[in-house]
Amino acid sequence: MSTVSPLLFLILIPLVAAVLVMLGGKSRTVSLFASASNLILLLVLATKFRPSEAGFQFVSSFPVVPQLGINFILGADGLSFVMLFLSTAVTLAAVAVARPPVENDRWFYISLLMISAGVIGAFASVDVFLFYMFHELALIPTFLLIGIWGSGDRQAAAWKATIYLATGSFVLLLGLIGLYLLQPLGDRSFDLRHIIQLAETGLIPDNPIVYLLLLFGFGTLVSLFPFHTWAPQAYASAPAPAAMLHAGVLKKFGLYGLIRICAPVFPESIQALLPLLLVLIVGNILYVGYVTIAQRKLDTMLGYSSVMHMGYIFLGFAALNVVSLTGASLMLLSHGLTVALLFALCGEIRERTGTLEFSELGGIARATPRLGLAFGFAAMASVGLPGFIGFASELMVFFGAFVGQPTEMRGQTAAAAEVFRFNSIQIVTICAVWGIVISAIYMLRAYRKIFMGPLPERWSRLPDLAGLPRVAVVLLIGVMLFYGFFPQLLVNLVTPALLQP
Amino acid sequence: MQLALFWIFSILMLAFALGVVFLRNPVSSAMSLVMTFVALAAVFVTLDAFFIAVVQVLVYAGAVMVLFLFIIMLLDLRAEKHRKVRPSAWLGGGLVVGGFMAAISQVIAGWSALHQTKPELSDPSFNDVAGVGFTLFRDFNLPFQIIGVLLLVATVGVVLLSRKELK
Amino acid sequence: MSTQTAPWIILFSPLAAAVLIFLIGRFSKTLSAGLAILSAATGCFLSWWLFRQTEVAPQLSLEWLNFGPELTITIGITLDHLSKVMLLVVTTISTLVFIYSTGYMRDEEGYTRFFAGLSLFLFSMLGIVLADNFVMMFIFWELVGVSSYILIGHYYSKDSAADAGKQAFIVNRIGDFGFMLGILLLWSATGTVAFSGLLSAIPGFEGAPVYLTVACVLVFMGTVGKSAQMPLHVWLPNSMEGPTPVSSLLHAATMVAAGVYMLARIFPILEVVPDAREIIAWVGGITCFCAALMATQQNDIKRILAYSTISQLGYMVLGIGVAPTSSEAMFHLFTHACFKCLLFLAAGSVMIAMHHETDMWHMGGLRKKTPVTMICFIAGMLALSGCPFTSGYFSKDLIIEWAVLKIPFLGWLAAAAAGLTAFYIFREFFVVFFGKARSEHAEHAHEQPVSMLVPMLILAVPALFAGLPMIQEHFFTLSHPDAHAVPHLLHPFLYAMFFGGAGLAALLYFKAEKDPVSIPLFANRLYIDDVYFWFVNKIQGGGSIVLSWADRWVVDLVIVQVPSKLTWACGFALRFLQIGSIQAYAFFFGAGVVGLLYIMLSK
Amino acid sequence: MIDPVFLEVSVVVLGIFLLMAEAFGLAKEKSTLAWWAIGGLAAVFIGTFFIGPNSNSFEVSGFYVVDGLSLFFKRFVLISTILVLVMSVDYLPIVQRLVPAERPGAGSGEFFILPVFTCAGLMWMVSATDFIMIFCALELVTISFYIQVAYLRRSMSSLEAGTKYLILGALSTGFLVYGITWFFGATGQTNLVAIREVLPLIPVANHPAILFGLALVLVALGFKIAAVPFQFWVPDVYQGAPTPVTAYLAVASKAAGFLVLIRVLEPFFTVPSFQNKLFLALVLLALLTLVFGNLAAIPQTNFKRLLGYSSIAHAGYLLMGLAAIGDAFAGGAVVFYLSGYLLMTFLAFLILVPVTKASGGDDIAHFNGLARRSPGLALAMLIAAASLAGVPFTVGFFGKFFIFEAAMNQGLYLLVLAGIVTVASGFYYYFKVIRAMYWQPAPEDAGPVAITKTSSVAIFILAMLILILGVYPQLLIGMLP
Amino acid sequence: MPTLAHYLLVSGLLFSLGLAGVLLRRNILIIFMGLELMLNAANLSLVAFSRFNLLPNGLPNYNAQVLVFFIITVAAAEVAVGLAIIVALFRAKQTTHVEDLNTLKF
């Protein structure tokens, strides 16, 4: 336990890079080098990881506030590895895609690196408190990124998102304190392993209020309906790399937390408050889905669509069985990659045309075939086309959710078959399946409006996707396809973490 | 006898205090204040606190009041012109003061131990200057030093603050 | 070569071809076409070889997802008679169409993209055919959808093509919605998605008929979408925006038949739920008749064929609903694949001759300019219209016979549709090939290259003769209804219908200059498209705009704006306490003192 | 080993020495006085680490206590004073401009000397355990602050602030004295140690009188720590006073006030009949302070005034910790919060001074484009604002966390709930500064902000401390008494 | 004989009058006088308490009287400083009215 976890370097590399940039290093080179070496380091670690063994590996612990059981514990199990992979991959892609701004590019890259360090730290933390702290590291960089280098109504969006997220995470903090105080006096800790162990032995009372605090705290961060209004605006205004990192990785924090903390500790509360959650999920999927259809700009549409897709993950969480939780976990990855890709391409389009209004665009696939192809891949991945990881995870969520929570799993569906009455979670699953139609509608419409149709003269000389951004895009598509073909690789990694954290 | 003296001086004191608060001319207020202090010194005497009574007259009526009057003269303050009386201020002030008085009376009224008369001193001839002095210099040495520093600071401050602006 | 590896080669060689074309196709047109044809031909050859094998080794399956007994999804192969026949149909026709395409597409843009798309399609279609479980079928089902999307939208710079592709995908998705739910229902009842597992589990479920009926009807929704049954048929005519080989292969011969194939695949389950089958039969029957009605008033040569396809698919679905086995529907699928593919190829040939003119009223008199094409068209036409002793005659009549026996109304409706079929196809024939040339292009039309004619001529053979009993028995084991049970009037009626329809068409359209008949109801496709258009634009579009507005002005207002503005306003108001006046401060101070005293002193 | 009493004595001697030096013109440059003062205070600070264990040889045991807490706060006060002096050096040009002087530099030397006396007063205050001692030390501090606030006599706002502070301060003194009187009347004691002993023995009939006295003392200390509704002087005085004095008021005076409050209230928390009332009063005060401080700060546009409101807001959090004093960790939480508050507030003020000098005002708008003018300064301000708002990895976050942990443990759900609104507001108004620095363009032809070396060193150290303690708070917790 | 309650009542009245002076008057000097009255009221109570609650040795508690002594001293210092500020203010603004001091607000 006393040895230093190699995961620490994952966090330190971006931080050190940020400091180097601050001290005058070449910002783009340093950032690229740091994020690439981070990804490589992670892959090396992955080869050392033993998926067959349950529990966290590469653990190191260092007391921060021992009186309150706060420790700097790093460690990773399969699920965290998946998330770390997502973080490092998307970071690399984001840095590769980023166009250095004319002014102050130093701070731009520092902000990106800080967000990266934050998310990596969050996913590598075994201590819940640290997990929370690392997430917040992204708050100010996001504020700066959107506010300085954003587009459109960027200042309002940055304000709203920042205050919203800060408030949400404060509620979350109260929830975590609540979780801490629920533990028996004298044996309190923020160590996730400790918490789950206590929960398993029944020493943590299943308190619905704390669960609600956590749900709404995490939920706000994940844009759970109706606390979602910050997201579309922020993502629409954010510069592409920021949107990639935020929508792709940072936002997953909340659901990761729910799966990690709430699922094992508050099963009864989740069960008891299921109707509430289900209503919100329907709001996320159907309501936000239809709102997405009405959007007339690519960036807001993508923002809303990323809100909508969160509904599936929540559904996977709500069903609380291994299949659905695995599906939800995989969807964290798949949605992260997809949305990062989409925002990257969205940024590329904005870079070229200066507009994202559907009414002004059209037919640009003829001028930029590679961009068109890449967006086609991204759109298809987003609508859950088989072959992409998104499909596999959606499928798992649907299957998992349809049988409902484990307690009622087999026996009750058989009984349901006799009398044929859907239970609530099944009805919501049906809504969710309808969501795949909705997402097809808006995604294809966007593709149709932007890339298909006759090419106006003024867009006829757009440059095609090239250079580093192209490499990044290919990388993301490749990863999505690879895991789409072999999802079991991820399932093998994730399921042990869900079964026995 | 004592009761009579008490009432006489108390009422005098309160009356002059009223004058301080309600007289329009600052000089009159200041004069009333002197009288209040003197009356208070007399009340102190009824409490056998001779030393304090003397200090009261010397410091307050002597020094402080001179200062006040001096400043009033220096600034050449006149009686307040008939500025409009603000009913809201009077109402608010009245309410606060009334509330405060109500609170005090409630405490006093509910505290039976207060209705005893003055206990006899074991040694009526005890020199209270000595009492105060001993206490001050033996027990309260440290606060006394602090008060010394305080006066030093005040002196420096007054010097600083009353420096004349050179035009 | 073993029966174990052959299916995998068949399945994955098109994918390999697609990937290769995608990666290196841009270097050479010939290379891309060659790769595609090679993969299809390999599949074709192996399919025939497999068909000849009587002994089939147990098939391998790859684990795709594994959660233990709860849920295991594999990528595996079903190799039974059904899939073997379907393999034959798919690979053979694909090979022919691929060859045809080299000619058809020779001057078109996106040549390599086209062949990559075709190969991807072939891969997906073969996946459906070979799938051994529902999820795998769904996976390829979706992939077929996306390849169809890519191919319909081949001319993506054209608005109509772009819209058609989008519509096809979305309508298919609606069908898939039901399909997915059906799969979920079946799985949650039985715990398996494998066809074999389902078949063994279903008999134990006879106690829950409603549940199973709902599940089957939901699964059938997949068919409704993919096989363009009413009311989700609207995409198929629009999909004619794609290049003609695509229409021929995907939207006539194979892909749209996937729905029927899927029903055939789960036929043993359907047998347990008669209610579901009845619903299926009704949907098929109505589709078959209505689509035929719509076809009678179309002017686009490909659209007529498209409605015809819908109508014929209706027959197949009806067949699933009424026939005692799935073979009857599959038989019609088989014959239809041949003749409809042929008809489309011929139409494509005409179009090339006409420089992509598709309005048949701009054609005319082509019999002299494109004689081979006309011969092929005639072969297909006869088979489609059910001319006695052609393939269509055998397969269609069989379904109608069963329908009349099971659900007489639908049977007679289908029989009437047969008459309409004869009418509309002869109408097209006469207008295109007879009369005077009605446009510049028609006068200068010319015959097509060999690469296009040969596949057509090859297809003409099965189109005419595949139905003959001595041939059909190699492929199908058909069950014929008891001859006495069938109403005696039926066969004469059917002959009458054929000759009546054909005769009426000859009467009206032989040498007609313009359409002498005008029935707006049919010409406007029973206004179903308009209803959809209205629904999508007004109801869904309007609704979503209202929701979007609500999101901005209600949800955001309630959750964000009001609290934040309220907080701000409170702050703004509170700071006015800080009024700057000492006396006010002293007053507040005093009030605070009194308040605190009140708290402290109250009992 | 040093007798603790000598700590204050040496500070006073230092002050007198400086007065003499000023009077006899020993220091050519006025800032030399500041360096001497800083040096002397630093020496005293070092001296605090050599306090003998039982060195109450002086006859002061009843008034004066040297425990861990008071020692910690003596250091706290010394550091604050040193920082104030560092800031004052930077501020000197403004002082010299705004103080009437017959010859150049006259009248500005005392600007460095008065804080030394204030420091002595504060050091006495944190050791005081007798009401009389508290009164004397408090008055020393208050009177020296009257002078310092009104120091800039050419500036109307400084005078106005001085007058407001004078009147309201004297008013609170009046209440304090009257409160002490009633305490004395009801218990016969002025000594807190003695009061703690006799409190359980006092007849119930005396309780209203004690509560009356307690309430008035609470009022007077509430005035010092800026608790609503006794906070009204704060924004005005903060805005009008010279910036170093504002910082001094905001940190040291408040911290000492809190410590005295803790000492005064401590005996009453042990007696149930007082505890409930006191608890109610504290919760209400905390609630009002939290809500008022945070909400009223939202529309502010002047940074100094904003810091005034922020000081009220932080008092709210601290009161919340005080209300949760039953929690084992709450006392530590309050002290930790205060220490963090020292770091971040001084950091903000240290940056404010050069920015004010460079841009000619202390509105938030004067920070516009600071990130482009002086990125380092802007980063430091960013850290300060983040810490004040309570963003993780800063000391401010841990402070808030400890307070809320204690509050939730004690079931103060009302306050916790209010905390959601107030924390959100906090983010809003602190981020306004970040916005100005990073989003807004700098005014035309604005160069880098000039800053003295010492200030920049102090800024660097404070920013680093904020971050280090934000990562590893144990460093400070280990030092807590 | 007057009881302790008498003294305290008078002291309370004096305090309230001082408070009223602070709250009601607008001349800073008069306000200051009101503050002095409040301090004096405290002194009166202190002396009364010290006289009525004798120590076990039968003498008044001189601690209280020492406090009175301190209060008087502090008050004097406060008055000195306060009046200096007021003079400075008057010189700058030619007013001693609180209403004229309202540039710092909101």
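We just call them A, B, C, D and E in the order they show up, numbering each chain from 1.
Assume contacts are C-beta pairs under 8 Å (C-beta built on N, C-alpha and C of every residue); 3 or more make two chains touch, one makes a residue touch a chain.
Just so it is clear, the model here is predicted, and its values are computed rather than measured.
Chains that touch both chain A and chain C: D. Fewest steps needed to get from chain C to chain E, stepping only to touching chains, is 1. Placing every chain at the mean of its C-alpha atoms, the farthest one from chain B is found to be C.
Nearest to the common centre of all protein CA atoms is the CA centroid of chain A.
Of the two chain pairs examined here, B-C and C-D, it is C-D that is joined by more C-beta pairs in contact.
For this pair, chain A with chain B, the centres built from the Cα atoms lie 71 Å apart.
Our note on geometry: chain D versus chain E, Cα centroid distance of 26 Å, whole angstroms. Between chain B and chain D, the centres computed from C-alpha atoms are 31 Å apart. Note: centroid distance chain A to chain D, computed from Cα atoms, is 43 Å.
The set of chain E residues that touch two or more partner chains comprises 8, 15, 18-19, 22-24, 26, 28, 31-32, 63, 66, 70, 74, 77-78, 81, 85-86, 88, 92, 98, 101, 103-105. Shared interface positions of chain A, defined as residues touching 2 or more other chains, are 163. Within chain C, contacts with two or more other chains are made by residues 575, 578, 580, 582-583, 586-587, 590-591, 593, 597, 601. Applying the touch definition to all chain combinations yields A-C, A-D, B-C, B-D, B-E, C-D, C-E, D-E. Across the complex, chain C meets chain D through its residues 567-568, 570-572, 574-575, 577-578, 580, 582, 584-586, 588-589, 591-593, 595-597, 599-601.
Considering their complex, residues 575-576, 578-583, 586-587, 590 of chain C touch chain E. On the side of chain D, the complex with chain B involves touching residues 5, 12, 16, 19, 58-60, 62-64, 100-102, 107, 110, 113-114, 117, 120-121, 124, 130, 132-133, 135-137, 139-140, 143-144, 146-147, 150-151, 153-154, 182, 203, 205-206, 208-209, 212. Those residues of chain C lying in contact with chain A across their complex are 63-67, 70-71, 73, 135, 138-140, 142-143, 146, 149, 153, 156-159, 162-163, 165-166, 169-170, 173-174, 176-177, 180-181, 184, 187-189, 191, 205, 207-208, 210-211, 214, 540-541, 543-545, 547-548, 551-552, 555-556, 558-560, 564. Residue ranges on chain B touching chain E, taken from their complex, read 2-3, 6-7, 10, 13-14, 17-18, 20-21, 26, 29-30, 33, 36-37, 40, 43-44, 46-49, 51-52, 55-56, 59-60, 63-64, 67-68, 71-72, 74-75, 77, 80, 83, 89-90, 92-94, 96-97, 100-101, 104-105, 108, 111, 113-123, 126, 128, 131-132, 134-136, 139-140, 143, 147, 150-151, 154-155, 157-158, 161-162, 165.
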